[in-house]
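The chains carry the letters A, B, C and D, assigned in the order they are written, with residues numbered from 1 in each.
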Amino acid sequence: MSQLNIRMGRKAGVFLGLVAMLFSLLFAGAPAHAADDPSTYPYSIAGTILNDDKEVPDVKITATLDDFTTSVVTNEWGEWEIRVPKQGIYKVELDVTTLPAGVTMTDKGGEVSEADLTQTDFAAVLFSLGKSTVQAQSFSDQLLVRVWSGLNFGLLLAIAAIGISLIFGTTGLNNFAHGEMVTLGALFMWVFYQGLGQNIIVSALGAVAVVAAFGWAQDAGLWKPLRKRRMGLNQMMIVSIGFSIVARYVLLLVFGGDTKDIGGGGNIVQLGPIYTSDIALVSLVICVIILAGVALFLTRTRIGKATRAVSDNPSLAAATGIDVERIVRIVWIVASALTGLAGVLYGLQFQANWLTGFDILLLLFAAVTLGGLGTALGATVGALIIGMVVEVSSMFIPNELKYAAALVVLIVILIVRPQGVLGKKQRIG
Amino acid sequence: MSQTPVVYAENLVAGYLPGINILNDCSLVANQGELIGIIGPNGAGKSTLLKSIFGQVNVRAGKVWLNGEDITNLKANKLVSKGVAFVPQTNNVFPSLTIEENLQMGVFQTPKRFDERFEFVTNIFPDLGKRRAQKAGSLSGGERQMVAMGRALMIDPSVLLLDEPSAGLSPVRQDEAFLRVKEVNKAGVTVIMVEQNARRCLQICDRAYVLDQGKDAHTGTGRELLNDPKMVELYLGNLAEL
Amino acid sequence: MANQISVGEPAPGCKKVDPILVASNVTRQFGGLTAVNVEHLEIPRGQITALIGPNGAGKTTMFNLLTGFDKPNTGEWDFDGHKLAGVASYKVARLGMIRTFQLTKALSLLTVLDNMRLGDQKNPGEGFLASFLRPSWKRHEAKITAKADELLKRFKLDAKREDYAAALSGGQRKLLEMARALMSDPKLVMLDEPMAGVNPALTQSLLEHIKGLKESGTTVLFVEHDMHMVRHISDWVIVMAEGKVVAEGPPAEVMKNPAVIDAYLGAHANSDLGDVTIGDAKEGN
Amino acid sequence: MDWLNILNLTGGELIGAYTAAYVLCALGLAMHFGFTGLLNFGQAAFAALGAYGYAIATLSFGWNMWGSVAFGLLCSAAFAVVLGIPTLRLRADYLAIVTIAAAQALRFAFATSAYDEVTGGANGLSQFGEDFYNYNPIPEGRYPLGALEFSEKELWIRIVGWSLVAIAALVMLLLTRSPWGRVLKGIREDEDAARALGKNVFAYKIQSLVIGGSIASLGGMVFVMSSQTNQPQTWGTNFTFMIWTILLLGGAATILGPVVGGMTFFALLMFTQSIMEGLVTMGWLPFLDIAQVGQIRFLLVGLVLMLLVIFRPQGIFGNKKELQFNG
């Protein structure tokens, strides 16, 4: 929901940007807040209540888990924070009777929300007040906005999906730890850009380099030795699941569970009925350039052609004099760099936390499988389809189900055409 | 023989499954510029002999020499850089690459030589030059065979190993394939080919080895063997006498 | 020369006195290549028929088509009164046409005895609900175990009864696969290269087993490269080349057939490639 | 450090209700993967369908315990059939991707507010166990068991949970030792060989998917019954991967493996967590806080999964020869 607002309307965008900034402040100033609060509970839930960009004080918020209940009211800046004693999923409710006259929830039932503290010690809860910005738009305008979002999201997915696809094509590995490379890219972007205050381009390059190095290390330290042992592909797939869990929780331990705001939302740009940000526009251009670059790499360069040759037939490639292991290593580095870049761009537009990559992993698999396993073009087409399905479907079904819609599309297409949209039949086995 | 043979396979023992040898004490000599045929009934170990020369089957005993150098069980990319080229029987092109890209893969280790070698190869196979942008996956079996052979020739090999170049081709295409092989050989490349079509093979080759149950049972010039009545017996067993 | 198997003179696709399998117009293409193109083929009942031909002749593809493991582009065939085209492979097996594979498919992590028991097709315990009611299948299980033991003894695998099939040698796996195929008393056994990889010491006993099958009334169709074996045991030989049936007949006669010699040693023996150039080959042939 | 308390907590995990729930799911997965060779990465969905099926039948339809159990089983069986028909003909890794995708899609569907009235949306459902606890014959009170102490409800759910484990294990034992189980193993080894022997491979795979899924859905019911809360986020991919770890720890193609694997897994997890918490409290691990110790728990799950597959794919009890990953 929150990811959507930023791309949907100016008000919502600014609203979210403010909230996000506030969170990072909250976090930085956590000890001070803790001192104000007599409670020393280790976990906290917080948020800010805004109506039409204006803070709303004195709204009562209640958090409940089993028999534990506590309430606070918002301060003059509309902020609230509740500290709680144990982990769990808290029900958080806004008392509508305490809202000022004339102020209502945007959605019916929007006064009840939840805070998931099972994995982290901090959770943000947003309540959306005032008129919805969506309803004013006509159907065709809405569709246009969605298609735009779908294109943007699909291109981002494509860059990461090509990474999966290249690795699958050359080694046969279904890498479940791929999502963590997206996360790594986004979080290192945050480190360089927000943490170390580097310029945006230097930060992006730095983050991509970190992920590329991670890809190199992964292949050298884990996957190559396993290939040497001639481990079965399904077995390797399960190893990648384990690796993904380890990587994810290391990221959680290092970066914490909060959502990082990396780009601050960017400046609003209007294209007809579409409100978007300059970051989204630049990101879109970068994605197109990178996709073209990958296409050129694969079709024009010696290494790129050798990559396709290895995907076609590794043993023939070896018999032709190509050092297959070297190509695979290069593929790991290139694929990781691409995936890291996807993470950087994703993080700039939508913020990121330790679960960012994991959340979109299945969409990436869906994209790759949909397009036909192992072809870069297929992965791109698949990713654009998935991006579109995700965004356009939310016009017709509840927003929380948009990822589910993409997965259902995947299942349906596999039933009709198991080799994928562009795949070759012999790959099914 | 005073001259060092290009390839000398000495008493090879090799097989795929542990404990089962396909080759039993099998030897082969190929001199500079020769066209050598390996023929024999199914299951005699023809392809295995070729693959053990190219290091694709583990050689359990015996040695393979290339111009006097021991190349037994060497890795494929090492062999390629030493000038040994191998064309497998099936799956011998990269289907998603164009003809030109397939040929480029042939000179992967020495990309600078592409233009020079491309000219050499398209002299023998003019069609490859004309259709360089076509995807190899869209070609017919005979055309693929040309691409595969062309790719192998790109490295300027001192010896070319061919595994059944006529397999799966129509009779006309088979004849064409044999003549191409002969032409490649005339251009100065030592060729060792395994063939199912014994008669055709014997017609074009200088010398042939007839394998039976993993051993080199007979050897002789192509013409001698072609007219040898024992050949029919070897292929069809003693069946005809029954 | 007269024979009791074919109606009239043996010729490719000739009618048989008592066919168990009749196939017509079976074709299978892979990409542009026609792997199988059989106009008509009849397999004689109660006989041992060898299917031979050079590599790539389409023998194994034909096997796969007939047994439902591959789908033909065109064609119909009739097995013992049942139309079989398009019938799932397991149903083909249930009708009494059991095949083996070129690369043995011994079920490695099952014991030899379990491999054998799996060959039975009438075990009520293979039903889900019945599997809970041990009494409902206990007697049948004992019966098929006895039968399995008998077969294992015949195939000299009785000492390996409790071993995992993975522990057997290549030749023993071939034997196990054949023995397993016999568990269901098939009408037609189709053996794909039964001798490949078999230790010569076992060859003789394998031949005896196949002959024994015929004596017990089973029809045998096998693909084989070993001509000694073909000569020893087959009653009828069908020769395929380039997807077509090029010759048929009793073994002694078929081997004299020039078409067969051509198929094996290469076609166009009357022209000589040593004397032609590429242009000639293209136009001349 | 309070060693007695640590050992108590660890011992408690050995017989915990959650442990029993996971063991049931792992037994189901043993049926799928260990005995049939199916790569099911959506076991959480089967458990979730059991849990939601039960809760919805009780709360929305007002059914009693038996009806609700039946409905939960029916839901997961239906899911198995719907998922199995298109995918069981495809290569093994396609099944993996489809099952994990289906499980996630299902979870999103449970969590959405659109069907709030039935599923409870993101909050899930609670207080559906009255009928189940009505069957509790144990009078109210505190019952010591060794160093541990349980309420009558805690004792009841443990008794039922572990009885179900025993029954499921027995059923699996009967099944896998029967000719039916032999066919499954045959399919695991080589589908084509099984077909050539006249076995309807597809039908057997569907049966295996349904049986394993049903056992997992019982696990799902046990899981939510101990706290009487059923939340959608429980059934994420982590749930599935935890089950995989348990299965591979014990041995995939065994019956005892998932049981002992589950007990070992949770006891070890609790043991390491308690020790680490102890160390943190004592200030020996200055870079960690208590909340992070819980996170390291999951990290260990991933690590154990990786190391098992690499170094001991047969698990604790498995016969190395008996487990192979196809592919």
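For the reader, a short list of remarks on this structure follows.
The rule is simple: contacts are C-beta pairs under 8 Å (C-beta built on N, C-alpha and C of every residue); 3 or more make two chains touch, one makes a residue touch a chain.
Here the structure is a predicted model, which is why all the values come from computation and not from measurement.
The greatest centre-to-centre distance from chain A, using averaged C-alpha positions, is reached by C. For the interfaces A-B and C-D, the C-beta contact count is higher for C-D.
Centre-to-centre spacing of chain A and chain B amounts to 53 Å, using the average Cα coordinate of each chain.
The centroid of the Cα atoms in chain B and the matching centroid in chain D are 56 Å apart.
Work out the mean CA point of chain C and of chain D, and you get 46 Å between them. In terms of which chains touch, the assembly is arranged as a closed ring, every chain touching its two neighbours and no others. By the document's touch criterion, interfaces exist between A-B, A-D, B-C, C-D.
Within the complex formed with chain B, the chain C residues making contact are 32-33, 54-56, 169-170, 196-197, 225-228, 230-231, 242, 251-252, 255-256, 260-261, 264-269, 272-274, 276-278, 281-282, 285. On the chain D side of its complex with chain A, the touching residues are 39, 86-87, 90-94, 96-98, 100-102, 104-106, 108-109, 111-114, 116, 122-123, 231, 233, 238, 241, 244-245, 248, 288-292, 294-296, 298-299, 301-307, 309-310, 313, 324-327.
The touching residues of chain A, when paired with chain B in their complex, are 302, 305-306, 308-309, 311-313, 316-323, 375. Considering their complex, residues 67, 69, 88-91, 93-94, 98-101, 105-110, 114, 117-119, 121, 123, 125-128, 130-132, 134, 137, 141, 164, 166, 180-181, 184 of chain C touch chain D. Listed in rising order, the residues of chain B touching chain A in the complex are 54, 56, 75-77, 80-81, 86, 88, 91-97, 101, 104-106, 108-109, 111, 151, 155.
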